Every structure is written in structure tokens, then in C-alpha cells.
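For reference, the structures are reproduced in the following blocks.
Each of the next two complexes has chain A plus one more chain, namely chain B in the first and chain C in the second.
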Partner chain A sequence: MNIKKMTFVMLALLLFIMPVLLLLLQSVSSPWRFQSGESFHFQIESFQVLWSAANLLEATLWSIVVGAGVLILNMAVGIAAGKALSTLSFKGKPLLEALFLSPVLIPVLAVAMGLHLFMIQAGLADTALGVILIHLVPTIPYSIRIFHNSYAQLGKHMLEQPVVLGAGPLQQLFTVELPLMKPAIRSVTFLTIVISLSQYAITSIIGGGRIVTLPMIFFPFLDTANTSVMAAFAVWFAMIPLAMYIIVEAFILLLPYSRMPWRNTR
Partner chain B sequence: MKLFNNKSVYLLIPALLFLTLPLYGFFSAIFQSLSGGDRWTFEYYLDLLESTRFLSSIWFSIRTTLIATIVSLIIGVLITRSFYPYLEHHVPRLLVWLPMLFPHFVWGYMIILLLSETGLAAQLLVEAGVLQNSSAFPIWTRDPQGIGIIVTYVWKEVPFVILMLLPVYGSIKPGYYDLVKTLGGSKFRQFTAIEWPAIFPVLIETALIVFSFTISAYEVPALMGTTFPEMISVLSYEWFYGSGWEDRPMSFAAMVSLSLLILAFSAAGFSILQKKRWRAMRGRSI
Partner chain C sequence: MRKKWLLFSIILIALLAACGNTSSNETALSEVTEKPWSDIESAADGTTVRLFMWGGDEGINQYIDEWAAPRLKENYNIELERVPMDTGEILQKLQTEKKAGKSEGTIDIIWLNGENFKNAKENSLLAGSFVNALPNFQEYYDTDDPAFQTDFGTSADGMEAPWGKVQFVFHYDQSKLDTPPSSFEELKSWVEQNPGKFTYPNAEDFTGNAFLRHVLYAKAEEPSAIYEQSLDEERIAATADQTWSYLEEIESNLWRKGKHYPNTLAELDRLYSQGEVWMTMGYNEARAESLIEEGVFPETTRSFIMEPGSIGNTHFLSIPFNTTEPEGALTVINFMLSPEAQLAKLKPDYWGENTPISLDKLPENMRKKFKAVERGESVLSQKKLEESFLPESEASYVEWIKDQWFNEVVQQ
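After this line comes the complex of A and B, so read on.
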């Protein structure tokens, strides 16, 4: 191992691994008070305290329902728009691409406040569907972009092949495009779920306190729970994208040419 | 033969339908910030300009966000350009992206755990004898300078910057480095002549995404900030849900002003890119 690689490993450990390890350690030990001479004390009560909180499981469930809805819609819209953008060529395409990316630049809080009245009139306020819709705003621009890039990387020839062989649009999608776009599917899964899990303000505006997702109970928890329980909560947050990732990975295995994972090298 | 007929146009429909959401929300926010019952009015914007709370908040937001954006870009570029051969591998890349698994405010809590006055860093420094007691540790979280907010965002955005830059560095041909070396160029010239033109457009784009996200996000400043000065999103959220309905138009006006600010920054960014591209093309034709 040369010096440069050592530096990289040290830096990665310090900047990216250590914080996560700290959270894990703190979640399974009593709050640290080293200056008063207390030593490291192992415990798992913090997870029990966390799970016994009345609304934790409910909030976890809501987060999963909302996250799954957001993910499915992201996949559908992203794949469709990605394919259209990479196969069509028309005047004003750059403008349309910029327009699709523009929601990233508008504050999502402004959008949620502006949509609030409409959501009430449409009966979508205080419903999971309303929350899913508002969570689309900060996620779909990224998904369209990722799938657009992915289709562009596949290249025209790869997309023409199934058309030449007479496959319909769905068959093209499932036998050629999706199996070749696994990395894009994984990125979109992670990004979408984590962004959806990160929304407190817009969930509270549109969900009106009825749709209680995990962030909605994380903030009140700060005032009451000790550091160990909060650390356990933080670890719990990471479990949801991981679980979603495993589920999506299982779906990916169902795609053609991936039945035997032990044969796949990627 | 034309294999892709215009039927693909229908594939754009879901995305166009989606666009109505942010556009409707944005224009409705503008509408509500301008409507004074039965007539149009600019009074909420005039009120904003007179409100010291708003002015100090928008200044604090711009300053904090600019620092966080620039610092994360610099660190991101340094890490990517120093280590991208390793980052091409699977495991190191996953390690670097580990922080992306957590929402921003959870990462913020980690910063509190680490850097607060009773946090781990303070305790370790006391143990090591550097500090007399933990109250001698500087206030870095929930501080009026926004240090906690900056640290959280920088730490969280660096992996994102690396994510955006990695494909660019992967596509730079190694031969270019040899060329600069043969011509006697220094390390610095290697960066300015080879890497900078390639990464500049991506840097501008990343900067815009990070800037607009950071300046308008509510969660981290709500966790890490103080009551004065506060980030603009926290102030708007407070006005939106405040004691009375009379503050709501103010909240819309503040959010619309923020959007205009971000749009101005974006326009500036894109015009720089346009100029740069034009110049690059001219350079090639000579």
C-alpha cells in the first residue's frame, strides 16, 4: 500500500466511516460522560425505548408507504421521460431538459405553501397521496436526469435492436432496457427514498399532522430523548433506504438475464 | 429507416403532468404574495424591505449558504482529483457515499453529537488535557454564526460533489497529462489546462444545485440554528404557521423573493457557461 492509498483510506475512514460508526456505537451504549470517569457501558435499551415509543412503528409504516409511492412514480415518470428525451430529437429539447431540471432550483417550501390551498380544495391535504405528490417535486428532476443519462449511455444501436426484432414497447423495456440500466435503478432508489425521508417542512404542510412520517417525530424526540435513543433513531433512519434497496434488488433479480445472481459479476 | 417514430412523444406526458405541480405551486405562491384581498398590491414586499428580521435573515442565509457551497466544492474537487483512481473501485466509492444514506437533519444530529459543548470532541479534548473543562469548547452548534449549519452541509454535500465530478475525471484522457508534462507544465498547469475546462460546467451546475437546496431547506437550520439570525426558510415556515393569518402573505413574499434570488444566481451561472462554451469553440477553430 503506497502513501497515497493510505491517505485515502485514512481520509475516508475519518470523514465518512467514523461518523456512522460513532452513531452506531452511541446507539448501543449509555450517553458518554467520560470526564466524570464513567466508562463505556454497553446497552441495547435505547432501541427498546425507541421501539416502544407509541408512534414510531406507525411513522415507520407511513414513511415506507410514502417512500414506496414516491419511488414507483419516480421510476415510471423517469423511465418514460428518459427514453423520450434520448430517442426524440426536436427543436427546443435543451429548453425542455432545463425545464425538467428547474424544480430543483425553486424552493420546495414555496411550492408546498403555494399548493397548500389547492391540496385542500382537491381533498388531497392530510392524505398520503398528497404527501406523495409533494415529495415528487424534489425527486423527479433527478430521476429524469439519471434515466436520461442511462438511456444515452445505452446508445441508439442497443435501443434499435429489439425494435428491429419486433418487440413491443414493454418487451423492449423489460428484456433490454431495464436489465442494462440496473445502476440507474439503484441510484434512483437510494436518492428518492433518502430525499423523501428528509422532508419535514413540506410533509407537515401538506400532511397537516395527519400523515406522521419519521421526520415528524424525530424533531419532537430531540427535546425528550437522551443521546443514546437519538443515535438509535438516527440508525433507524438508515434502515429504511437499506430495506428498500434490498426489496428493489429482489425485483431486479426477477428481470430477464439476472435469474442467477451467482453468475453475475456486476 | 426511422425506427423511433413520434409515438415516443407520449412518453413525455407523465413528466409534463408532473411539471404542473411545481409550476402551479410557484405561481400560486406569487399570486398569494401579491393579492391584497380584492386588488393587487406590493405592500408585503415593501413590508419585507422594512423588516430587519427579514433583511438580516436573507443576508445570513446567503452568507452561510455561499460559504457552505464553496467549501464543499473545494473539498470535493480536492478529494476527487487526488483519489479518483481509487474511487473508480466499488468498495471505496460505496464508503464515500455512506453519508448519503442519512437524511440531512440526521447528519446534523451526528454533528451535534460530535461537536456540541458536551459532545465527543469536547470530552476527548478534556480527557487529553488540551481543555480545562468542556465549557471551554467553542460553541459550534446552535451558534449565531451558522458554523453548525455550514459544517453539516459541507460534510453532507462533499459526497454529492464527488458523485457529480467522478464521471468527468474518469473521462479525462491520461495522455493530456503527459502532454502538459512534456511541454514542461507544472502540477498547477495540469489542473488549469486539463481539469478546469472539463470540470467547470459541472462545477457550476453542482454549485447551483447545492446552493439552491441549502438556502431553501428548512430541516437542518431548524435543528442547528438559533432564533436570531435565522435562515430564511425557518423564518418563512414560522410566518406560514405563525400566530395569525396576517403573516402568511409575508411568508409567500419571502419565499418568492428567495426564488427570484436563486433564479438570478442560476441565470448568472448559465450565462457564464454560455460564454465559456463559446470561447472554447472559438479557440478550437483557430
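After this line comes the complex of A and C, so read on.
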């Protein structure tokens, strides 16, 4: 192992693995008090608190449904807009790019009130679709950006080749573009799910309490001094992006030219 | 272009909504409350009632989910759904729905008091007066109690029903100090002897603000000079000066020399839990019990109050203007006010919170049950709490203290 690899492993251990381990330990032990003279106390009460939250499963399910919806829409819009931005040239393109980024610059809460009004009129308030749509606001600028860069990296020639060979747009997408953009798909998945999952205020306003997602149960508990319960919630919270990531990874395997991990790769 | 169109349509809709007729549900509730109670209860049969409330305490959540909801189902065939949401957001949602003219809302009951109630009432987000229609309120509560008539100085007008009451207490660790201070002067000398062992949450925080109001009460000639009168900065100028100078004097001996104040009560609680500071505080005189049981606070935690007394307030249940189940909401609130529900709420198993019910009005055996409840060692006696009770001041003091504290104490 060379020195670079060593530093990487050490840093990863220190900055990623250790905190997660601490979190896991905290979630299964009593709140630890400095100088209390007590050692590690194993307990699973914090997880029992978690399970006893009556709407936990429902909320988890809603979070997954909303997250999946947001992800699918993000992929569709991101790929379409990203490709258009990197291949077409037209008047006012820089302006359009700036507009696409604007939702990141304007706080969502500032427009939430107006959007809520709009959603009520459109009959989308208090529905899952409304929540999915509002979650697009903080996520889609990133997706467009990522796919834009990704298409730019593929280069013009890579995109011209399939056309020359007579592929339709869809065939081109699935056989050339997507397989080459796996890293972008992974980033978008993770980013989108994590952002969507942590939206508290806009979910509660647009979802109106009909759509109860995980943060709506989890965030009020940030007010408690019981660190064990919070750790247990955080562990549960982290499971969703992880699970979604694995599912998307499985979908990526379905793309052509994917190397199956169980196949001999010699 | 599309963006422009969207913006335009939003503005247009907002304008249209503003012109539109605001809903006429207020008459609906008064029509309902005129009906005989048995009719209301039978109309509530089979309904689903949504109770929107802050959800950050598992004891409170379990009281609703495990104690109240099954009994409502059994006795009235009402499905009670608890929805966790911050009160501020609930009001914002109602506000927007009001603007949009949405007369069929998703909220049937809200839990609120103080500033939030003032806001809701001023923007007419509440359905109207209903308290006097509740049989349990008439029978078991002192209907003329000023604590139910006004809420942080705002006249309640029967638009909210008293659900519980809490008093502000300080907590200390018995193993670290023998006798807690009994006045703010004693607290000051204690802080001088034990630098870095005391602090309070900043004025933005609900609890921190209440601490500051206690100092204000203490520095006034009589606490009633504050709570009986509306905010007049000139009148209380002398009291205010004393308050700020007291806070500045203790500042250098606070935790981290007063350079940083905890942002929330939870932060202060964690400091206390770690032994960094030796005192914490908070509304609900029994709140330490569950924290001790969870192992967050040391078992030797006890509570104390200081001269001139401890501020307490009542919190309420109310019905928003666009409820679709006024009968169901009334039945649920009436149930929440019943002696059985209040007794279960008082017991430390779930919530452990004090009751606004009048013990004298209860039947003999019920009164005995209330008196027999052991609230736990960390809770002061009922007598002591009642003797030192001080009412809240007007809501405008809260804002005023917030601003002044930053100017006078933080920026000095």
C-alpha cells in the first residue's frame, strides 16, 4: 500500500467511519453523561421510542414514494435540459442557464407561500403530487447542472456517432448516453434523495399534514436533550438514501454493457 | 418566459383570492354549538378528527396515540389522527388557505397559546367561540378564571378551551449543591462563587425569554406592575434599567463568560446533562421526571423556584376556521377536558402535566384520585407551586425583551 492510499484510508476512517460508528453506539446506549462514573450502558429503548412513533412506517413509506417521484422527474428533466443546454446553441442561453439555477439562490421558503396559494387553486395542496412538485424546486437545478456537465464531457462526437449509425433518440439514450453517464446518475440519485428527504418546512406546508414524511416526525425531536433517541432516528433516517441508492444501482446494472459483479471479469 | 407566466398567474390568483369572499364558516360553528350536546355527539359518530400539534415530546405523543385515541374510538367512534407540525407553520398554512378561500381545510383542532393565539385571532383563523358549549368545561372548570379568560393578555373570547397548565421551574443537581438560591440576588452571589456554572437560553428561545421575564418581574416593585399592565416603555424604564444591569453584572460569570448563550433549551439541557452547567430551567414543573427516567438528567435532579415567584401559563385547544368536522372537534375537545383525560395527563406515565381543572368541582372519589397522583421527587409540592404562581405578561413584552436583550446585554 503506498502512502497516498494510506492517507486516504486514515482520513476516511477518521472523518467518515468513526462518526458513523459513534452514532451507532450512541443509538444503542443510554445518554452518556460526563463524569457520571457510568460506563457504557447497552439499551435499545431509543429504538423502541422510534418504533412506537405511531406513524413511523407510514412516514417512511411516504418519504420513499415522494423521494422516488422526485428522482424520476429529476432524471427526466435533468437529462432533457442537460442535453439541450450542452448540444443546442441559441440566443439567450446564458440567461436560461441562470434561470435554471435561480431556485438554489432564492430560498424556497420565500416563495412557499405563493406556491401554496397556487397549489390550493390547482388542487395540488395536501396531495403527494404537490409535495413531489415542490421538492423539484430545491433539487432540479443540481440535476440540470450535473447532466449538463456530463453531456459536455461526453463530447459532440460521442453523440454524433449513434446518429450516424442510425439510432433513434431513445435507443441512443439507453445504449450510449446512460451507460456513459453512470457517475452522473449516481450523483443525482444521492443528491436528490437526500435533499428531498430533509425538506421539512415546505413538505409540511404543501403536504398539509396529509403527507407526513420522516422529517416531520424526526425534526421536532431535535428539541430533546436525549441524544440516544436522536441517534436512533438518524440511523433510521440514513437507511432510506442507502436503500434507494442500492435500488438505483440495480437499475444501472440493467443498462447495456454493464459488467455484472457476479460474472467473471477476467 | 414560462417562469414569467407562472409568476403572473400566481399574482393574478393572489389578487383574485383577495377579492373573493372569505368563507362564512364562522356562522357554521355557532350554529353547531347551539344544538343540544347529544346531537353534536351523535353527529360526531364515525368522523375522523385531525389534531395538529407540535410533536417533539414522546410522552405527549404517546398520551395522544396510546391513551386518548383508543378511548375516543371506543366511546365515540371517532378516529383521532395526530399530525406533528410546528404551530407557526400550522398558522401559516391556515393563513394561506384563508387567502385562497379554501373553506374545506385538513385541520380540525390546533394546540396553541400566547403569541400564536394572538396571531390566529387577529387574522381570524379560528372558527369562533365554543368553550361555553362544552359540558365538561361548564361542569368541572372555574369558567370565570382569569387564566382562561385571557391568554398572554389577549382576550380568549371562548375561542380556545384550556387543556393544561404549566409553571416555570429551575432545576439543580442535589449532589452538587445543597440549597438552591431562593432569590435573584442569591443567584447572583451563587454565580459569583461558581463562575461558569450557570447560563440561560438566549432571548429568542421561548424558555430564555421566560427567564428574562422573571428577572423583569423581580426588578419591578411588584410583579403585578408588569403583568397587570400593557407594555409602556416609559413607565417601566427604571425597572428595565435594573433588569439589564443585573444581567450585565452576572454575564461575566456565566458559562463561557457570557460570550455565547445556548440557542435553545435543548442545548442548555445537554450542558446540564454533561455537568457543564449546574442548573437548567423550563416550563412544565414536572418535565425533569421523564428526562431523569431516560437517564439524560442525573437522578439527583430537583427543582426550585425563586422570589418573587414562578410564571405559569395555560395552553389551549382551538378549532380553525375551515374545519370540516366541527362536531367531531367539539366532542374531542370536550373529551380532552374530562376529568379522566386530565387525570391520565397528570400522571407521570405519559405527560405528567398539571391540570387546569377545579378540584373542588370534582366528585369526591375523582378528587381523591387526583390528590393521590405521585408526580415524582423532582416536582415541587402543589402548595408551593400555587403559592408562587405568577401570571404571564402581555405578549408584547416577549417581543420587546427579545429586541432589548440584544441591544442591552449582547452588544455591550
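Rule of thumb we're sticking to: the second predicted complex is superposed on the first by the 232 of 266 C-alpha atoms of A that agree within 3 Å, B and C clash if a C-alpha of one lies under 4 Å from a C-alpha of the other, contacts with A are read in each partner's own complex, and residues count from 1 in each chain.
Convention: a residue touches a chain if its C-beta (ideal position, glycine included) is under 8 Å from a C-beta of that chain, and two chains touch if they have at least 3 such contacts.
Please read all numbers here as calculations on a predicted model, not as lab measurements.
Engineer: Since both structures carry chain A, what do chain B and chain C do when superposed there: clash or fit?
Structural biologist: After superposition on chain A, chain B vs chain C: clash.
Engineer: Contacts for A:A250 in the overlay, against chain B (first) and chain C (second): which applies, first, second, both or neither?
Structural biologist: Touch status of A:A250: no partner.
Engineer: Who does A:L95 touch here: chain B (first), chain C (second), both, or neither?
Structural biologist: Neither chain B nor chain C is touched by A:L95.
Engineer: For A:R210, select first, second, both or neither according to whether it touches chain B, chain C, the two together, or no partner.
Structural biologist: After superposing on A, A:R210 lies in contact with chain C but is clear of chain B.
Engineer: Quick check for you: in the superposed arrangement, does A:L170 touch first (chain B), second (chain C), both or neither?
Structural biologist: Neither partner.
Engineer: Does the superposition put A:A201 against chain B (first), chain C (second), both, or neither?
Structural biologist: Both partners.
Engineer: Per the contact definition in the header, classify A:M113: touching chain B only (first), chain C only (second), both, or neither.
Structural biologist: It touches chain B and chain C both.
Engineer: For A:H41, is the partner it touches chain B (first), chain C (second), both, or none of the two (neither)?
Structural biologist: Touch partner of A:H41: chain C, not chain B.
Engineer: Does chain A have more residues touched by chain B or by chain C?
Structural biologist: Per-residue touch count on chain A favours B.
Engineer: According to the stated criteria, A:L222 is in contact with first (chain B), second (chain C), both, or neither; which is it?
Structural biologist: Touch partners of A:L222: chain B and chain C.
Engineer: Using the touch definition from the top, say if A:S30 reaches chain B (first), chain C (second), both or neither.
Structural biologist: After superposing on A, A:S30 lies in contact with chain C but is clear of chain B.
Engineer: Out of 188-196, 242-250, 260-268 or 278-286, where does chain B run into chain C after the fit?
Structural biologist: The overlap with chain C comes from chain B residues 242-250.
Engineer: Shared contact residues on chain A, chain B side and chain C side combined as an intersection?
Structural biologist: Dual-contact residues (chain A): 33-35, 99, 113-115, 117-118, 201, 205, 222, 227.
Engineer: Enumerate the contact residues on chain C facing chain A in the complex.
Structural biologist: Per the touch definition, chain C meets chain A at residues 3, 6, 9-10, 13-14, 17, 50, 52, 54-58, 61-62, 65, 82-86, 89, 92-93, 96-97, 99-100, 102, 106-107, 264-266, 269-270, 272-276, 291, 294-296, 298.
Engineer: Which stretch or stretches of chain B touch chain A in the complex?
Structural biologist: It is residues 3-4, 6, 8-9, 11-15, 18-19, 21-22, 24-32, 79, 82-83, 86, 92, 95-107, 109-110, 113-114, 120, 123-124, 126-127, 133-134, 155, 158-159, 208-209, 212-213, 215-216, 218-219, 222-223, 233, 236-237, 240, 251-252, 255-256, 258-259, 262-263, 266 of chain B that touch chain A.
Engineer: In their complex, what parts of chain A are in touch with chain C?
Structural biologist: Against chain C, chain A makes touches at 30-31, 33-36, 41, 45, 49, 52-54, 99, 113-118, 120-121, 125-126, 201, 204-205, 208-210, 212, 216-217, 220-229.
Engineer: Could you pull out which chain A residues touch chain B in their complex?
Structural biologist: 4-5, 7-8, 11-12, 15-17, 19-20, 22-23, 26, 32-35, 76-77, 80-81, 83-85, 87-88, 96, 99-100, 102-115, 117-118, 133-134, 136-137, 140, 144, 159-160, 163-164, 190-191, 194, 197-201, 205, 215, 218-219, 222, 227, 230-231, 234, 237-238, 241-242
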